[in-house]
Amino acid sequence: MEVVHNKKSQTPNSTTKPQKSMSPWAMARRKFMKNKLAMISLCYLIVLGILSFLAPYITTADISRVNIGDMSLAPSAEHWFGTDTSGRDVFTRLLYGGRVSLLVGISCTTIILFIGTLIGSVAGYFGGMVDSMFMRFTDFILNFPFLVFVIVLNAILFGIVSGIWVLIVVLSILGWGGVARLVRSKILSEKENEYILASISIGCKPGKIILKHLLPNVLTTVIVQATILFATMIVAESGLSYLGFGVPQEVPSWGNMLAASQQPEVLQNMPWIWVPPALVLILTILSINFIGEGVKEALNPKSYR
Amino acid sequence: MLKYSLRRILGMIPMLFLISVVVFFLALAMPGDSLTGEIDPNNTDPEYIEQMREKLGYNDPIYVQYGRWISNFAQGDFGTSTKYKIPVADLIAQRLPNTLFLGITSLIITYIFAFVMGMYAGRKPYTKLDNFIGGFNYLMLAIPIYIAGVFAIYFFSFHLGWFPFSGSVDIATNEGTLDWWLSKIYHVILPALVLGAMGTAAYTQFLRNDIIDNSQKDYVRTARAKGTPESRIYNHHILRNSVIPLITFLGFDIVTLVNGALITETIFTYPGLGQLFLSSMTTNDYPTLMTLALMFSFLVLIGNLIADLLYGVVDPRIRLD
Amino acid sequence: MNHFQQSQGKAPLLEVKNLETAFGIDGKDYNAVDRVTFHVEPGKVIGVVGESGCGKSVMSLSIMGLLPKGIGKVNAGEIKFKGRNLENLNDNEMNKIRGKDIAMIFQEPMTSLNPVFTIGYQLEEVLHNHFKISKKEARQKVVQLLTAVGISRPEKVVYEYPHQLSGGMRQRVMIAMAIACQPQLLIADEPTTALDVTVQAQILELLKDIQRKNNMSIILITHDLGVVSESCDEVIVMYAGRIVEKTDVRRLFKEPKHPYTELLMGSIPRMDVETDQLATIDGMVPSLKNMPHVGCRFANRCPKAMKECTEVTPELKENEYGHEVACLLYETSRPAKEVSH
Amino acid sequence: NSGDDTEAQTDSEEDTTEDSSSDEGTETEENADGEPKQGGTLTYAIDSEPEGILNVHYYGTATDFEILQFMVDPLFTYDENLAPEPHLANWETEDNKTYTFKFEEGVKWHNGDELTVNDWVFALETLADPDYEGPRYSNVQTIEGAEAYNKGEADSISGIEVINDYEVKVTFDKARVNNLINIWSYPMNENRWKDVPVSEILGHEYTRTTPIGTGPFKMGKVVPGETYEFIANEDYFKGAPNLDKIIVKVIDNKAVSGALQNGEVDMVPVHPTLGEEVESMENVELVTYPGLSYYYVGFKLGVFDNEKKEIVEQKEKYQDKKLRKAMYHAINRQEWIDAFFSGYGSPVDAPVPSNHWIAADDSDLQQYEYDPEKAKSLLDEAGYKDTNDDGFREDPNGDEFVVNFSHYSSTNPTFEARAKALTQYWNDIGLQTTLEMIEGSLYYDKIEKDSDDIEVFYGGWSTGTDPDPTALWSSDALWNYTRWNNEKSDELLEKALDVEVVGTDKEKRQEIYTEWQQLANEELPMLYIAELQELQGINKRVGGVEYDVSGSNLPNEWYIKE
Amino acid sequence: MKTFQTNNLLEVENLQMHFPVKGGFFRRTIGAVKAVDGVSFTIRKGETLGLVGESGCGKSTTGRSILRLLTPTGGKVTFDNEDITNINGKRLRDIRQDIQMVFQDPYASLNPMQMVGDIVSEPIHNYYKNKNKDELKVEVMDLLTRVGLPEEAYYKYAHEFSGGQRQRIGIARALALKPKLIIADEPVSALDVSVQSQVLNLLNELQDEFDLTYLFIAHDLSVVKHMSDRIGVMYLGNIVEVADKHSIYDNPLHPYTQALISAVPDASKMGEKRERIVLQGDVPSPENPPSGCPFHTRCPKAMDRCSSIKPDLKEVKPGQHVACILYD
């Protein structure tokens, strides 16, 4: 056997280095893992995510191909969830739809969190003029009725930005206001904590204070907000697609699948076409909500403060 | 209070101005104009369309168009709908009552249900019924409004035949009579329920959690130490505190209703502003579109104002000056 | 001030015997108050001292029947008020006693008042709870009460909300509320902790005044030994849910017996004496879940601990002066050692 | 225009076609069912939202006309061959330039006024008025003196000469074969409108809520955008209606079949995709009748200059006729129609619906039957070969060749699939094809402006009762979307309208049009895909309803069976 | 015993900190919270100056203004013979190496997301970027041991410690840069009595060991007296009396100091009839302070003049400065 030399083991204290103690994140994680409902939801989402993003490898069918001979077939061994009115396999489309819906949800959430956190934390930390300017702007954004302007912007950007990115961009442009406000107010109250004063007094620069001290503590709120946003954005995507103002029709998203099944005949006699997307959508939102609750509880500061 | 409201209202003017600019330029940036797609080889000809463009001023410089629009707007002239060919103001006057009726009904439904369920669940948490209410609410929160709407139509209108599936009133009734009102209510219930479902669920859970939170507050202990009966503690001391945030939501509800109306009215063919907005969107009816967009923004501003003012009214700790 | 021995003949107002109050944590019960026995005579002020978390509040809440529902409950012992066992009363009957015969003031004047009701309203409520009384009468009475607790413009204050008052005023309002029905027993749970010294002095004076006027008994909970020394007749020293020492206030300060009491006194800087080094108690009060089951609960922090201390649970024993201590050092079987200071 | 097929152009035809009655039909109906029952209320649904312009002189959408049809009467209607026949008036002409109209006597407006020629003259003058805001000036423009009147140079239209209350002479600027069909045929109650300035007509309550006509039903209550109530006009000149009332209700197209099944509506236009379902309902009869529209796939062959009114540039990509023919042969039109229109339609080979009287006979046209092999060989011939073995053909120069196909989008779920299906046909013969769904108004904007995004596009046209295709096909027409620049075509179209050539002879005109169709069929500036049937779901309790290519019979003949 | 040096480490002259109050129709500044309104004192090297006063009288604000966590609106702060009132940027950061702070709330003054080791090493890291990691770690562990924490504490998070231990972490952090002056803002008021004594003892030991100078802020007179050499008494943004601790305790001159001393409950005086001066009413709001002497509204010895003349801090006895016209 070969002796593996660990260079680090030569450092003075590390020989007696005790097990690292649990960080608040680790504690939250453990608490979260005990939450059955949240864990089940998480598993569901993970499975869904994996299936969706691996869809091209799982199924080989050309998802957009219209099969005139196979229209509206009931579920069978060949087509697990049947086919839709265009003869496309519902199961395959469901997976691809998940890709789009989840992608829209994740992208929007990420962008919104980024913009919102950036603006909110800068405004909250520096206060004064910076704050008033940024917050006027945020108010301005917030004063647009969300759906209304999403629809308008979507129409404008259509063709300028391609595919589902239209919707992602539009939702993000109009969606960050709430996060910015939340982060700002959270920063304002967190700023009052003495550990911020302490970090100034030990010579931390503003950037470091925001990044290392304020943000990690605001992050709990942001994470909870992220789950809410994620659900909201998925609903927004599907709702807009349903109204015909969402992702382009040729892209299979859950919203488009539902919109495409809004024929009475389909609704009444071909449940296999619309039940799966509806159910998966509802379950997804339900899961996200449960995860959100779980995260909220796990991050509840009462547990360690 | 008065001063505060006045300041807030004055503060809204620059905001509205900015929004109007945005609305205007967005409308300008939208593809095509109201005459695009008006192709009718039998009845119109391209010259007529060009004439109309000229007449409607679509060929003027942009700032002239904006100036004309906004000054007319300020004077209450919102322009003429290019689709319905009547003043937008009249059009909105026709639809607004319906939207208001729908919105208010859904609010009433939301608040009544939320209060009844939330108060029960908050007072008796972790009981069977509370769990049931909670589960139901989670489901309601997860069902997108359009799925709920379509489902409601299929189940309650077509399957059970309990409610009408479209329209706002039965033509056979005479306006203003009791029958007419009943018919209006009968038509609004289903869309209002659908529109209010998510709010109901959210508020119920909010009220429940807030009641539980509040019941652990020191002042509740004080009230008990005074010998105050339990029911009075819940219905009076706690409720009064929990209701405050709930009432202030009323302002923000306006925003939710605007968003919700868009979808609900469309699904239920309920002729209101939401439906009008979407149809003006598809037909490039810009005067209507711009007026509605501005109006909705204005509503949001008003909603925020109401929320703030209500806060000041219902919460003695907030002083508005 | 009365001496302990002189009042012995009177029937006690409140008798607490072997009180055990437990909290359920993860499905198991842990005693936050363990076998606590004491009584309160009419017109007496009993001080309860001890570190944070030693069960002072839980004890008082047990007496009031205000333990958080579903989490805390009285597991054993009895609480007799004027010979009536409070444990057997239902909510309704308890409500008749609470606020009328036994009143309580809480530590946090900031949060103990309902923020959305006026001061007048909240004070009137206690009157309406216990007397048939018209609104007008109640209002008059409230104004009187506010005047009595030293609030300068009571007619105005009744229309104000808690947030408009300073901490000291709020605590006065709480006192007014507590004395509104002229209770026989007042439990004051750290009524001055949140207040400034000058205000604390005002409030303590006020309480003493009222106590003398109404011949009321007070259980005064505090962790400030100075307050105890100035205001109480008797003192109960608690540690980790148990009473470790109980005696007349003078005796305690002259001759503290339990090592815990001693250390506690030595750790507080004093105005009159210069000390370079303050006494310290190492370690912490064990948390509920880690309470030792047998032996003295202070043993692991006690500088005088002996081997037996972790094996034998000391009982509260009374000496000839009525000085009760729960410590093996003072068990009659062994000679009391010289206590160094 | 049923269902959600909101092609903007198909909105057009119905104003002149919807309300004709066939006397024969009525009689047979009555004979078969005996005496029609009197009384009852019929609920008629429309599945898209009306604009509420309840004035036949101003309305813009077919939906509004569906409401108007119950209360207005034209001077003449059309028979099942789309030939005009007298209704409120009959006419005489010798030279196709001057017409004398004789009005029915005793026809009453709903407000009791008697209909006279002045009402019609009033309508014509309104349309020609400089302040007129509607789209129908072109329907009077050809009258002599109308232009002068329109420019404000004259107080009256010189070509109109009122002879007496029931007789009027109209002179056109020149003789045309279609002067009659083109002229505005609805009267406007002068008595009622004379004090209303023309600029206020559109917003007037007479237009919005209290319109009147001479038709079988009078307008009752109106809930704008929602419900319209019609009450029987007992004084109707063709006989009092059988029904007491007709309620016109606006419903969402998703509710159509549910409402039919429930019996909540008695009559409603049905989208072809719903046809089968409605057909299977026990309480509903599905009535089909031929429509006047056709769908096509167009090629952008050039660029139009709207100022100069001419095609100024040629686009090369699809100039090769063989390429277009190959793409035509690649499409299985029957299969496609069956799949997306449930078979309620049939392939067409030329840009005229087969029920139109000018339609060329099948035998005169090439049939581009589904034949992928032929398509492939055509492509091979033309040099479109797969030179780099990627599975797709390159153009004759060996460069990559991609067919960019565009289709308009709407909420209708079948659009995407049907467009996609077309692209697949082309993919299958080795032409790589992409699909872009573009929002409706933007789509037509791009097509009209010859945007570079548009190469191959999907569309639909309706033909009117007048068969003249000039507005869509001549090389100086903005709406000639393919920018087909063919001298022969222009010449034929002109000839077909020339009185010198065709006179009043229908046959001659049809001959020219057949020739023109043959040309269009050979040149293929667009691939003609399908013509559709119109579908109407009618509850079986309703009787007396008949449909033909010109629309339904007069609603006064409709009745409720029990 | 402590060595006294004649030179002053810190001189505070007429320090003012006014927070603007916005209001009115256009949100203009319509007033000011005069949190600190002309405070002057000096601290000699190696000594402890105690600062007492009721809640809200401006103690913390004073402390924070010295460290320039707040920018004072007036006055002058001299540290080590350098005027630091208006320095900025790098110089300010450098000065902060020499002045450190221990905070009141042991729960809020430690970042819950950081490991204790990181909390304590952060100040060093900020100033000595290139310091060897292992050396740094050794140094921090030494510090932890010094303040009475086990070495394992390095890897733990604040939530795993009791209040007293956390306060030790806070002290270790303040010590990390080897400052000359430590401002301790009520370091023990959130602690239990038994723990309080541990921290007080620790602070005393450290002072000797590291040659520290303290500005010790507290509202508990007995604690201040225990810790300090001299005591400053604050009332409503003003210092009303500064003197040697014995003078303050045995012979307070300002009526407020007298009342304050007499209000402290004292076990030693048990049973004796004490002449307690019970003040009436509450501290006025600093937004709207009384004219003249800020204390005159509650002063048992107030005279008419008190409401118009604001007395200056004057040396009434050697080393005892009082701001009261009684001693004019």
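A few points about this structure:
Read from first to last, the chains carry the letters A, B, C, D and E; within each, the first residue is number 1.
Assume contacts are C-beta pairs under 8 Å (C-beta built on N, C-alpha and C of every residue); 3 or more make two chains touch, one makes a residue touch a chain.
In UniProt terms the chains read A, B = ABC transporter permease subunit; C = ATP-binding cassette domain-containing protein; E = Dipeptide ABC transporter ATP-binding protein.
Please read all numbers here as calculations on a predicted model, not as lab measurements.
Under the contact definition stated at the top, the chains bordering both chain A and chain C are B, E.
For chain A, the chain whose average C-alpha position is most distant is C.
Using mean Cα coordinates as chain centres, the one most removed from chain D is C. With centres taken as mean Cα positions, chain D sits 39 Å from chain B. Chain B and chain E have centres, each the mean of its CA atoms, that are 54 Å apart.
For this pair, chain D with chain E, the centres built from the Cα atoms lie 89 Å apart.
Chain C and chain E have CA centres that are 32 Å apart.
Within chain D, the positions touching two or more other chains are listed as 254-255, 258, 410, 439, 442.
Interface residues of chain A, counted against chain B in their complex, comprise 139-140, 142-149, 151-153, 155-156, 158-159, 231, 235, 238-239, 242-243, 245, 258, 262, 267-268, 278, 281-283, 285-286, 289-290. On the chain D side of its complex with chain B, the touching residues are 8-9, 11-13, 15-16, 49, 51-53, 58, 60, 133, 135-139, 202-203, 208, 220-221, 223-229, 247, 249-252, 254-255, 258-259, 261-262, 306, 410, 439-445, 448, 461-462, 464, 466, 471-472, 477-479. Residues 64, 66, 68, 91-92, 94-100, 103-104, 106, 108, 111-118, 125-126, 129-130, 161, 163, 174, 177 of chain C are the ones touching chain B in the complex. Per the touch definition, chain A reaches chain D in the complex via residues 64-66, 68, 71, 85-86, 155, 158-159, 243-244, 248-250, 259-265, 267-269.
Every residue of chain B that touches chain C in the complex is listed here, in rising order: 216-219, 221-230, 237, 240-241, 244, 315-317.
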